[in-house]
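The next part holds the structures, each set out as structure tokens.
Consider the two complexes below, in which subunit A is the common component and subunit B and subunit C are the respective partners.
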Partner chain A sequence: MTATYENIATTTLGSAQTTVSFTNISQSFTDLRLVINDVKTTSSARNVFIRVGNGSIDSGSNYSHTNLGARALSATPFSDRQSNQTSGKLSWYTAATTAHPQMSVVDLLNYSNTTTNKTFISNSRTAPGDGTYSGVEVLVILWRSTSAINYLDVFTDVADSFASGSTFTLYGIKAE
Partner chain B sequence: MPVTYKKIASVTVGAGGAASIDLTSIPATYTDIHCVFSIRGSQAQVYQQIQITFNNSATGYSQRNLYGDGSGAFSSALSGNFFYSDGVGANATASTFGNGSIYVPNYAGSTNKSASLDAVTENNATTAYTQLYALLWSNTAAITSLKITAGSGTLNQHSTAVLYGISKS
Partner chain C sequence: MIGAILAGAYGDVAPQGDFESIATVTVAAGGSATVSFTSIPGTYQHLQIRYLAANEGGAASDDPIYLRFNSDSTNANYRSHRLGGSGSGTVADSYQLPIAAATNGNGNAATYYAGGVIDILDYANTNKNTTVRSLSGWDSNGGGYVWFMSELWMNTAAVTRIDLTTFSGSDYREHSRIALYGIKG
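Here is the complex of A and B:
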């Protein structure tokens, strides 16, 4: 029998870094799962973004996303969305901060098929303690491309970085 | 290395579509089951209902949901003949499928079955759905089959469902 949940690569930042990249991702799995843990930013509360591609990163206006969540700022849950973006958001209203870490589990479903557009689901949590951004958020991200995914970038807003200690692990899930 | 997450069955809808995806003969040897699906329906709508049933039963389903449509967050409850979520129909962005994941703990036990369902759609337009569901199937039978249909209409080619069994050891 074969293990169906395999660690493809792990990056733990030893110093601040703007972008974490996974390249030449194997096409032998059914789905990918990206686990982002203990993520803090270096200066301000920031969103976390994803871009993907085949052979290179696609930064065209091919991403859209819709969120659902609740955060410390208000007792009222929220939902919002954006179309034709140049990246997908893995967290949005529940931003990572300099003091309160964020974790996200991101599923990239059927990532290697060449027939359908690709959907990602991000399940994100920002630790309690921040009066605005602590909270719970689920996002669906659409990448409008039928290309297989073998490149993946995770980054935060321009002019900021992920702090040292932020961890990014990419797993492959095999349906066998 | 023990295998704790194993594929039980997978179905991909072929040319011409299908009325349903049927995952049958589920063995009782696992602790939990987890079904991941990617569905596009044939109805001439942007969104259409996805229905899920266990053991071909038409009774005992109830659910509470929390969902966002890109402009607000809402909650509602439903009980009836099936579990449902919103998926995408024929008028959604081309080549785009709705995705979902249903997790059933203790599926072979002799108690009523509680489960979770997460489902999403995206359309690169003004409305899309992120949905979280709490499910209850008021039936003490072990789950031996799981059916996914598109409500009215059929499931399009390339719709898929994969069923995993999870063992705690």
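Here is the complex of A and C:
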């Protein structure tokens, strides 16, 4: 048995930034796991998105997602879907302030294979306490490409950015 | 309530160095009805299965993954609960079946595969029944499901063998990759 869970890269923002990029990602793992703990610069409802690619970022309409979640004070869960998007959505409708950072754990499964399209599973939450926008979600994201992934961008809505102190860690998981 | 349940799932990040690959199955041409992990060592605290998999069924539909332990094929020894989203509504149900996660048929496109992560907790403990939790799903750019599930095996034996089949009985499709990992305590 070999240890197989390795840190590839960690980014901790020293100032506000709209996009966090990982480039030239090693192809020597089976899965990638991206862990995000972010704070937005405003308190409005925001999303967190992902784009991936091989050699460059794919911003074509090749992403879609289905989600399951619960928001704020509602007792009723919800499910939505968006197709033919120019990015995948990692979390919906979160307003992460300094007191209520958002966390996402995203698994990019079998990311380096060149046979199948790629499926990601994201679990995100905003810390309780924000009575309007806190919540929890699970999303499945499809990237319609058989290319291996070696580029990855994470970003939020145009009107916002990730605040200083937000962290983005990419791990590699290797199957024997 | 739902939020509280989901918040407890899946967010843990395993310590590096304490997460080991045990075995991996990549389904070959022609497909495979069952994916098995045998002679699983009891030296870990938890097990995790990570997969990108689809089945050979022709329907563009969701297909539960059965997870059976130690060759126990009696459905009455298992319970499962599912909370899911179809993109247009939510689903919550339970079964006396060994449902652990989800995959999809090839009615959408042969290159769309479901993904999932399944945790098998305290699997070697002989004082407790075995509990499983998972997040899984598939999207087909217009269809799909995402699931949060649990499974119970009502047996206190240490888990030494895991067999994965599908509810539909369809074979796992070529190129499906299912990997078993051990997490140290």
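What we mean here is this: the second predicted complex is superposed on the first by the 160 of 176 C-alpha atoms of A that agree within 3 Å, B and C clash if a C-alpha of one lies under 4 Å from a C-alpha of the other, contacts with A are read in each partner's own complex, and residues count from 1 in each chain.
Operating definition for what follows: contacts are C-beta pairs under 8 Å (C-beta built on N, C-alpha and C of every residue); 3 or more make two chains touch, one makes a residue touch a chain.
Keep in mind that what you see is a predicted model, and the values were worked out from it rather than measured.
J.: Looking at the combined model built on subunit A, do subunit B and subunit C fit side by side or clash?
T.: Overlaying the two structures gives a clash between subunit B and subunit C.
J.: Just to be sure I read the superposition right, which of the two partners does A:R33 touch: subunit B = first, subunit C = second, or both, or neither?
T.: Second partner only, subunit C.
J.: A:L139 in the overlay: touching subunit B, subunit C, both, or neither? Say first, second, both or neither.
T.: In the superposition, A:L139 touches subunit B and subunit C alike.
J.: Name the contact category of A:V105: first (subunit B only), second (subunit C only), both, or neither.
T.: In the superposed model, A:V105 contacts subunit C only, not subunit B.
J.: So, does A:R125 touch the first partner subunit B, the second partner subunit C, both, or neither?
T.: A:R125 sits against subunit C, while subunit B stays out of touch.
J.: Give the label of whichever partner, subunit B or subunit C, reaches more residues of subunit A.
T.: C
J.: Let me check the overlay on chain A: which residues of subunit A are in contact with subunit B and also with subunit C?
T.: Residues 1-5, 30-31, 64-70, 76-81, 83-84, 107, 109-110, 113, 115-117, 119, 121, 123, 138-142, 144, 146, 173, 175-176 of subunit A touch both subunit B and subunit C.
J.: Sort out for me which residues of subunit A touch subunit B in the complex.
T.: So the residues of subunit A touching subunit B come out as 1-5, 30-31, 64-70, 76-81, 83-84, 107, 109-110, 113, 115-117, 119, 121, 123, 138-142, 144, 146, 173, 175-176.
J.: Spell out the residues on subunit B that touch subunit A in their complex, using ranges where they run on.
T.: It comes out as residues 1, 3, 5-7, 10, 36, 38, 66-73, 93, 95-99, 101, 118, 120-132, 158, 160, 162, 164.
J.: Per the contact definition, I'd like the list of subunit A residues that touch subunit C in the complex.
T.: Residue list for subunit A touching subunit C: 1-7, 30-31, 33, 35, 64-71, 75-81, 83-84, 103, 105, 107, 109-110, 113, 115-117, 119-121, 123, 125, 134-142, 144, 146, 171, 173-176.
J.: For the complex, give me every residue of subunit C touching subunit A.
T.: 1-3, 6-7, 9-11, 13-24, 50-52, 54, 83-90, 109, 111-117, 135-142, 144-148, 175, 177, 179, 181-182
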